[in-house]
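Just below sit the structures, each encoded as structure tokens.
Note that chain A is present in both complexes that follow, paired respectively with chain B and with chain C.
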Partner chain A sequence: MTSGPGKIAAYVVGALILLSLPYGISSYGLRVLDLSLISAIAVIGLCFAFGYAGLLHLGQAAFVGIGAYASALLAARFGLGFWVTMPCALVIAAIAAIIVGVPMLRLRGHYLALATVGLNVTTEIVAKNWESVTGGEDGLSAIPTIGIGAFRFDSDLRFFYLMLAMLAIVIAIGLAIRHSRFGRAMIAVRDDELACGASGVFALRTKVLAFTIAAVFGALSGALYAHYANYISPSDFDFVHSIAYLVMLIVGGETSMIGAIGGAILIGFAPEMLRFVGEAYLAVFGIGVIVILVLMPEGIVGTLSRLWRSRVARHV
Partner chain B sequence: MSDPAGAPSDIILSVRGLLHRFGGLLAVNALDLDVRRGAVHALIGPNGAGKSTLVNLLSGAMRPTEGRISFDGTNLVGLPMYRVARAGLARTFQNGRLFTRLSVIENVLIGAERRFRASFVGMLVRSPRFRAEERDLTAGAHALLDLLGMEADADRPVSTLPYGKQRKLEIARALILEPRMLLMDEPAAGLNSGEVDGLIEVIEGLRARGLTILLIEHNMGLVMRLADRITVLNFGRKIAEGTAGDIVNDEQVIEAYLGRRAAHARLS
Partner chain C sequence: MLEFVQLLVNALAIGCIYAVIALSFEIAYEATGVVNFATGQLVTVGAFVGASAIAYGHGNMPVSYAMTIAAMAAVGLAFFVTVYLPLRGKSVVTIVIGTVAAGIAIQNVSQLVWGPLPAVVASPFGGRILHLSKTAIPFHSIFVIATAVILMGCIWLLLYRTPLGKQFRAVAQDPEVAMLMGIRVWRLHGVTWILVAVLAGIAGLLLSPIWFIDVSMGDALALDAFAAAVIGGFGSIPGAICGGVLVGLCEILGAAYISSAYKDALVFLLMIGFLLLRPQGIFGERIGDRG
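So, the complex of A and B:
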């Protein structure tokens, strides 16, 4: 939560690492990286709902799906380009989040968690069964690639740089929200809801706002995914993905947008890094996550920044 | 500040027939209370007298079983807490409730919520109104910290603040709301004598600025020094009301605090 030179240095180092990432990894690795960065945007969204506002949100994949289907359908039905369909998808996701959020966010703790699971499962069932619109289990194919004018982001390397630009915009917006009264109110609501009320903060509206921001970032992630993979089906947005987003966030550091990106990349590459364990992958992965949570409860970025601060403090 | 004639508009908070039941227990029982504008009004009573319940009823944290609460002409019964705060009735908490993941200055700014007008979109596009508001209210928050002698702590995480400063920070968070009345729930609890002196100075400063204060307090030294008027509660009922001089000689009050026999021993 601190700002200053340390934070700026962290962003510069992070940006340099990201810029150099495509070099020296395989073409398959680059594809995994692109997919990880797409996930990272959904995870940054979850940082607002869960990390800041403390909403136990287990349905983020539902909004990723809404964004993906909305953008893909608008492109297929009306022949519109990504730069038109994507903003429409974000607006649709925001409206859906507000409609669902106003009644649902009155629930707390594990009741809310269960409701968000229900939301995710319901969305999945609709996507599977509303065949005339969503194509059912077969999904939607031939979704157009993103382009600007005649230029197409049709290679993994080109898409990687598009993703860096997208992440830069998302983080800039995210930081603006975090350091405004809206971001402060979200953190305050998680810290002490009673004291929030006494300070004149309308907690429910703050929660709905955090949930809606999460949905909009989730929908952006989904729209990017649809136009990157050129194909979507309901299983891309099932409950397992919501859990994965939450794991990425917590492993990276639940109140850090840089942590969200780090967590997304780490979890995205986990199957590759753990290839040598073969059949035992899920067990090793699960134990690995538990070890990180026990040893680094603030997540990787939270722990690193604490070590960095104490190191700086020693040298001052 | 206070006008001895006591015209009706001089009463900022008026409570009539307030009653709150927890199961079979009447925590607050048919209570009438008037707080005069600009006064420091103390509410005292032994443990379990219903003081904390009353604060929670007044601030909207709990809804009374029966009764009316009128604040400057506004009915407060049934309003959620944030609406009571926005109506201009701020409060602090008995054990101190701060936002531990925010810095000191950010904690103060949370209290400014009702004074922000810019929309979310205005924030995203950095509208002139948004920038002016953030600048002015941040300056206001710094000025309040300065007033309380905490300006040097503005960017610290609250978890690193000593206890006395945490209590002061809560007062700053309530003051930035620009309340017309402040409920202070045991502000001296846990403070050392030096810190209590500092608190008395702060409250005297607020009184000088015309702020009405309802003070719930166990520290009788502080109450006797500050209160213009004292209401004594016992078992949810008002048993006495008056100036400090009236209260110390009141038989019922002595009995409530010291027990019946001690009261007789003292009076005889």
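So, the complex of A and C:
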């Protein structure tokens, strides 16, 4: 990655593209865009667990679900506003992540992957069967929209700008963590766990931290989703969604937060772009993912920036 | 008590099917290093190909079963060419996502071919039931247990008593050295994927008369089989059987005596318990890399 002015310029260009996105797309497209940006926050979280700390995390949707249910239930039971329920939801998700993370993150590679799949499926089972609290398969409805004072983010356009602000905050926090001691520790753990232990970085503690950051961002995404869609059900947070988040991250480039947003938008719009294939959508999607994995191992953002750099290098 | 015996036989039958799926998963991992997240979907394909073959076979079960196994061998070869070869040598995560994506595609194609409705398939033994004193045991359950045990025995003989098995184990240990020793690693990997798909297909065939089969059952099956593999110990054939039976018992008895809604969560807890307390599984793992 380039550093200094190049990087800032990239962020400015990215922000300008995002700001102008709602113009020239249909109202339905705007809704898809909002949902993609909500997913993007969960994907940025995954960037910490998977991209930086290298944890094969296939259960991010579980934490998105925990955030969504916690925020929705607090709003329904106690009549609290989003700005109270959302932080509570983040704390609940963080506690959940620490409780399951401490035992589970001792596992590596595909064992961790299997355990996180199990976590996702178990959360889904609980959401489906704990009917007195979660409403079971019927889910929870009439979740209030987000507002500040008398102003409500009740249209897709208003919510879009709320999401931009949220994403800016998330990326600022994300970059701060990434460039802190903890961020460097995560990357060190990913690259060589043994050497980390030898140089005084507690691998397990660092992994739990990365896992918890992923969970907190996931829960934020879930809380935003609950109050945007006004309705949640267990199937919104199933294993397929966890895979979708990971695919978004990999398509964007595993260690790039801007890439995460790009990947989320691209995969979010994939059903629209592939509408012409009709019922074979998932087959085409699956094959497309394999093709991207094989042809662009660095993700779309990584591949584009490599092409861009080689062009620049040729002209200099 | 009578009910308990019937549940036990049922659990053993289901457990044996999980063991066969677990073995398919483990052979893929041991021989080619691929964690195959499309295992469940391969079982689904086996179940539905079997259902179609039985429907067209007009009750000639051996022919229908043979046709299904041949078809699954072709599926395995196709999987080898279209999924394994492109993903070969990539990082673990690329392979995981790649096989998950392959599973999604296979499931979607299955739905296009066979439709979303569940199907029920006849057993080669019809609905015949064995009455032992007062317990009623379906013939099919006995057939499943016998087939699975014989199949596992054959696989064991193949791996440990034939030259081909020796090559398999050599490639599992170190593909490069195996290649230097003159083993045709490529061809062996092709054979591996055929075996993987055939095992999954047999599991599907055995399963289809017990459950309603539907095209989205793959992930749930795969999770139970993964749990069986972890519990029994990766790469061990007796381990796969023990793990499968334990998962079957946990599920069936858990559903009967604790809660049918939470039976899958019970299996997950059992697996996590094993991962934490005995990570190498009941029968241990020869090459320990799970930390």
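The working rule: the second predicted complex is superposed on the first by the 309 of 316 C-alpha atoms of A that agree within 3 Å, B and C clash if a C-alpha of one lies under 4 Å from a C-alpha of the other, contacts with A are read in each partner's own complex, and residues count from 1 in each chain.
Rule of thumb we're sticking to: a residue touches a chain if its C-beta (ideal position, glycine included) is under 8 Å from a C-beta of that chain, and two chains touch if they have at least 3 such contacts.
Only a predicted model underlies this, so the values are computations on that prediction, with no experimental measurement involved.
J.: Check the residue A:Leu56 against both partner chains and state whether it touches chain B (first), chain C (second), both, or neither.
T.: It touches chain C, and chain B stays clear.
J.: What is the contact status of A:Leu30 with respect to chain B (first) and chain C (second): first, second, both, or neither?
T.: neither
J.: Answer with first, second, both or neither: which of chain B and chain C does A:Leu304 touch in the superposed model?
T.: neither
J.: Given the touch rule stated above, what does A:Ile258 touch, chain B (first), chain C (second), both, or neither?
T.: After superposing on A, A:Ile258 lies clear of both chain B and chain C.
J.: Using the touch definition from the top, say if A:Tyr111 reaches chain B (first), chain C (second), both or neither.
T.: Touch status of A:Tyr111: second partner only.
J.: Determine, under the contact definition given at the top, whether A:Leu162 touches first (chain B), second (chain C), both, or neither.
T.: The answer is neither, since A:Leu162 touches no partner chain.
J.: Have a look and say if chain B or chain C is in touch with more residues of chain A.
T.: C
J.: Which chain A residues contact chain B in one complex and chain C in the other?
T.: Residues common to the chain A contacts of chain C and of chain B do not exist here, since the sets are disjoint.
J.: Could you pull out which chain A residues touch chain C in their complex?
T.: It is residues 50, 56, 58, 103-104, 106-111, 113-115, 117-119, 121-122, 125-126, 128-129, 239-240, 243, 246-247, 250, 279-287, 289-290, 293-294, 297 of chain A that touch chain C.
J.: Which of the residues in chain C end up touching chain A in this complex?
T.: Where chain C meets chain A, its residues are 29, 35, 83, 86-87, 90, 92-94, 96-98, 100-109, 111-112, 219, 223, 226-227, 230, 261-262, 264-265, 268, 271-272, 275-276, 279, 289-291.
J.: Which residues of chain A touch chain B in their complex?
T.: 1-2, 173, 176-177, 180-182, 184-185, 187-188, 190-192, 194-203, 209, 255
J.: List the residues on chain B that touch chain A in their complex, please.
T.: 59-61, 80-82, 85-86, 90-93, 97-103, 106, 109-114, 116, 120, 123-124, 126, 130, 134, 155, 157, 173-174, 177
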